[in-house]
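Got some structures for you, see below.
Both of the next two complexes hold chain A, though its partner changes from chain B to chain C.
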Partner chain A sequence: MISESENIVFNLSEGEPRFVAQIKELGGEEILECIQCGKCAAVCPMALAGFPIFNKKLIQAIFLGAREALLDDSSIWACQSCNRCTEICPRDVRPFEIILAMRRVAVREFAVPAMSVEGLKSLYDVGHAVYLKDSGQTRQKVGLPEKPPSVIAFPKALKELQAILHQSALWEIGIIPMEGNEMADTCEV
Partner chain B sequence: MVSKTGVYVCHCGENIAGSVDVAKVVNYSTTLPGVSVSREYLFMCSDPGQELIRKDIEAGIVDRVVVAACTPRTHEPIFRKALEDAGLNQYLFEMANIRDQDSWAHWGDKEGATQKAQRLIASAVAKANLLQPLQQRYVEVEKSTLVVGAGVSGMFAALDLAGMGYKVWLLDRNPSVGGNMAKLDKTFPTNDCSACILTPVMVQVANHPNIELLTYSEVEAVNGSIGNFNVTVRKKQTYIDWDKCTGCGDCVTACLGKTDNEFNEGLDSRKALYIAFPQAVPKRAVLDQDSCINCAGSHIGKEHKINAKSGEPMLAPCEKVCKTGACDRTLAHDSGGESFDINVGTIIVASGYQAMPKEPFKEYSPDSPNVITCMQLERILSATGPTDGEFHRPSDGQKPKTVAFISCVGSRDKNHHVYCSKVCCMYMLKEARLIKEKYPETEVYIFFIDVRTPGKDFEEYYNYCRELGIKIVRGRVGAVDQLPGDGLRVRAYDVDMDTPVTLEADLVALATAMEPSAGLADLGRKLGITCGSEGFLKEVHTKLYPVETSVKGIYIAGCAQGPKDIPESVSQSRAASSAAAVPLTAGRVPVEPFSSSVDQEKCSGCGICVPLCPYSAISREEIDGKVRAGIEIALCAGCGVCAAACPSLAITLQGFTADQIFAQIDALTSVAGGGPID
Partner chain C sequence: MKVGFFIGCNTAFNRPDLEQAVRFSYPHLGVEIDDLEGQSCCPSWGTMPSVDLAGWSAVSARNFCLAEEKDLDIVTVCGSCYGSLAETRHSLQKDPDLREKVNGILEGLGRNYRGSANVYQSVGYLYKKIDIDKVRQSLKYSLAGLKVALQPGCHTLWPSKIYVDREEDSFHPHILKDMCQALGADVADYSRMTDCCGMGGMRSADMERSFNLLNVKLKSIKEEADPDLIVTGCSSCLIQIDTAQGQLYKDGKIKFQIPVLHYMQLLALCLGGEPEKVAGLAKTSVSGVINKIRGDSNV
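Entry: the complex of A and B
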């Protein structure tokens, strides 16, 4: 089953015909080289951990235009970026790039798990995708400065990071509020 | 004279030694009466193995040879040659089959297999001790060949032999040469236009001075053997004088009778009077009497009715328009056609295949006009087809937006054919590609079990098709449902996504299996060739003798032997022509000296043997005033029926004499032959 949605049967006629083209535009150029041999799935931590849609199935689902079913599933966000699939693929499909391309599709549809949005927002606000507000005290207890020597300690660097993010696709998409981006106002995050 | 029989036991690598205690068998052999020496070797048929035999003969130790090994079917000639080379008559040889009939059959029962090997060797030795030298006979070879089937395989076989200077009769039951390939649009993997590469070959066979076409003809009977086959050919009744017919087609236009057009796989109709297809060779009209409606009351072989007003004879439209007089319905045409005999030295069977129809596959809605076979789709895609190459679906002539191909329809299926038809993957990809290239907006799905593309440039072809956006779904289709309107719903299971899927399609193409062409078993019987369990003609040895059959002088080519694509069919047909040319070139062929002879003293002239002989070799003749059986050696095939039937034991089959056979039986059944019989 490709998703937990109500329709067990996938209707190929309702597939998105331009889906493969979109994935190719967003970085999954080699998707049609895939012959579903399954070598990537054999080494994929997502597959081993039991996520329903891992690299091989993702590719077949894209191939058949199962766009909606994929947007309903959060497996792609579980990819650990180990890149082993890309290293071992016998046909240079670069499955990891296809996972990234699918994430780009999902972000554009705001089909992103809340945790991922929080991470993005935190990256924009403080320079870390994961940052524990109360970590300062703990750091001091063990003799470290309250803030680590990263963007968080250098407001100018944070401005630079934000300037970079303003140039990224995140600005257009408006999935997180950004300074001066009106689209962000409509975002419910 | 006491014989000095040598016994040579082969290990056949592990094939025999793995289940027979060879050392024990060798020891046992030395104890048999008449045996002077017994030896073993890993591969007795190899040069060092044969050398063992030759040395013993040359040293005078051995004057009869028994080889206990694989099978005489493939290896008897090899060992006979070794005897000849060592100066011993080649018929002083006997083979004990301890592989096919022993070690393989009793694998895992070493004691039993060893005992049986001993028994088989004892039997062979018993016969060998009584063998007499025989002289090989030769027969002159008729320097001509009959090729049955004028598809691409048959035509190439004919052209090769004709090019070597031999007379070739090229026979086909259809009115035109060309076979199934003439129906194809393009051919993988190069996508050459089928007609463009085939029609020139059709013209070549028609124009070659050494080839005589026998189209619309069938093989009625085959007699004789290699070098001298006598074939009765029946030319079916065309009802049109082909010597006068110019193929202008006026009669076809005028004809009012109609029936399904077999060239277009029943997708449209043809006339009762028809020319097989526009590029037919020979381009001649044929009247299909079953569909003829006898216009103007004009029946074949009857005088025309007279018009009451004008007093003129009433001609049928076909006769009216024929300018050459080729169409004359008043002639007393024999509906059975005409039979005649031809003599040939060799025969090549290239009778091809037929694509399964869709009807047996009830789960795929065969009643829907939009469910078609891939052969029908081939005709739809072809410029010479019912739609002039326009991609229209049968129900309403609309251009399909979504096409689904289903693979392995009737192949790899115990209800139909268990074999893989081998070419369907590629022809489906080809048809899908032709559609996708011409109409890129069409959605094309192919439902596969496995994609099998093992051929030169085939995998590259497959990759290209995927890049074109043809969608490949792994999983056999379970059902095709008819939807309101002309639509179809395909129900399948995507193994890769692990989910059931459905697809609404405008056209469904079934890749139906290639099966033996109708009447192949019957043709095989006439020729004496056996068919395999799957119904195709059987070759002698898959690897080493792929074009030879169990009948010497008869060869097979193309899909008569099993499913093949065009490159493979042509390769095999040219191999067959080469094999068929060997006896023609040699001019004479050796014949086994195993013929029957009559002891005139014992013969009572009862004549029981005369009607029993399947080769009509025996007749009653008067010798010194007494009636006796006489055997024509040239006709005798050595079957032994007469020897077995003779009540006076007057007939002896050389090489299988009564005392030799009784000796064999005694040895097989004696306790000393390797343990008691249960």
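Entry: the complex of A and C
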């Protein structure tokens, strides 16, 4: 992760000219509407918590073509998906969609934190991104059946979910093993 | 009245006492619950939304299909589920190509997404669909004399235009406040009410920054409101505020610990729900608050 005190130096002639186009293709459609006014940054929990890259800076770095620098930084994965930025943006840029688009770029480069890979694996293996192995006991303690009425209790429903994932980009990219169907261990994302 | 209950991973596996709270209080207010059998992850933000719009939408749409096939709407106690499902619904409404693609995927499963089911958050659903007087009249215990501070939760508020049960002014929300006042509580304002709790992607990515963010909020709550209880509308906020306080206290960063409950748990307690079932898994002790509520039957 880029430290807060470190200045990032961009060589503009080495920037990635197709970067903006890729962001638009992957969901950040309104990026060129951004005038860098900073309203999104003013309401962003990531900015408040001191992460080096947040909505406004991400958009600026994309404009500069700083693809490699962004792939080296994991800040985008700390985004809370809270959508304050989308609510407040006066230009309807929908900055959160640009965070998601940048994550989709990173996924295609396998530049993904281990926790996110675990979350995807858990989604595929058991049908829930968050799954706690000992939850059966916890549920029984409060008087509930060991399994909730979700894919966990209905193997056919899990197969349905997996069939959907097999037809998604997750399959094409191959970031997690998808052939088998082993039970995952505890996963808290 | 009947509604599909979308439980959500964190509630089903981490805080099933909150699941019990919904299963207890909704029927008490005349709302029957359907389990939406076979429901999956919404999916949460760090998974399919971060990979691919069509794949995200297809997983979400399958969950909607389970409700549509029974002509039901969906309620959830989790902000992330609420946000992820509502965003998908919004995308599928405005983008016919995406809808075609998603239905192409679902066709192989014998399902079809129509867009007829709406998604509500549990407190907003009660606010919009149930007469607030009915809530008042159903109470076994009142919260008179109890001071609460509110944590509505980011996803219950933004982006407001995609929600059917949205606030009139999302930066000055009042639904949770009105619903707590209906239980008789004294709601104390504080300046950082709409600040983020630090759960979610931030906690997974950097726990220290996440807890520090919460710490700023907790100090605002303590100094400005000094409540008996924090009430939230989101299961993620519940888990974060409940579990982080112990660590912050141990590290000497706070000198207090404030009990926290999801609104549905508080409602269930006021309706006479068994504390061990509807609020039995809190890490930051809630027994003092529960004694206060149940010891004074003044309705």
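As a working rule, the second predicted complex is superposed on the first by the 171 of 189 C-alpha atoms of A that agree within 3 Å, B and C clash if a C-alpha of one lies under 4 Å from a C-alpha of the other, contacts with A are read in each partner's own complex, and residues count from 1 in each chain.
In the analysis below, a residue touches a chain if its C-beta (ideal position, glycine included) is under 8 Å from a C-beta of that chain, and two chains touch if they have at least 3 such contacts.
It should be emphasised that the depicted structure is a prediction, and the values quoted were computed from it without experimental measurement.
With both complexes brought onto chain A, simultaneous placement of chain B and chain C is permitted, the two fitting side by side without a clash. When the two structures are aligned on the shared chain, A:Glu33 is found in touch with chain B, with no touch to chain C.
Within the superposed three-chain model, A:Ala169 lies in touch with chain C and out of touch with chain B [touch as defined at top]. After overlaying the two complexes on the shared chain, residue contacts for A:Leu144 are found with chain C alone; chain B is out of touch. Legend: residue contacts after superposition of the two complexes on their common chain; A:Leu12 is shown touching chain B, with no touch to chain C.
Look at A:Lys57: by the touch rule set out above, it reaches chain B but stays clear of chain C.
Once chain A of one complex is fitted onto chain A of the other, the partner contacts of A:Val20 are limited to chain B, with no touch recorded for chain C. Residue by residue along chain A, chain B and chain C are tallied for touches, and C comes out ahead.
Contacts of A:Glu87 after superposition: chain C is touched, whereas chain B is not reached.
The superposed three-chain arrangement places the nearest Cα atoms of chain B and chain C 20 Å from each other. Residues 1-2, 8-13, 17, 20, 32-33, 35-36, 56-57, 60-61, 63-64, 66 of chain A are the ones that touch chain B when the two sit in their complex.
The touching residues of chain C, when paired with chain A in their complex, are 7, 9-10, 12-14, 16-17, 19-20, 35-41, 43-55, 58-59, 62, 80, 83, 105-106, 108-109, 154-155, 157-160, 170-171, 195-196, 198-202, 204-206, 209-210, 212-213, 216, 276-278, 280-281.
Residue ranges on chain A touching chain C, taken from their complex, read 26-27, 45-46, 48-51, 74-75, 77-84, 86-87, 96, 100, 103-104, 107, 113, 115-116, 119-120, 123, 127-132, 135, 138-139, 141-144, 148-154, 156-158, 160-161, 163-165, 167-170, 173, 175, 188-189. Per the touch definition, chain B reaches chain A in the complex via residues 402, 443, 445, 451, 463, 466-467, 469, 471-474, 494, 496-504.
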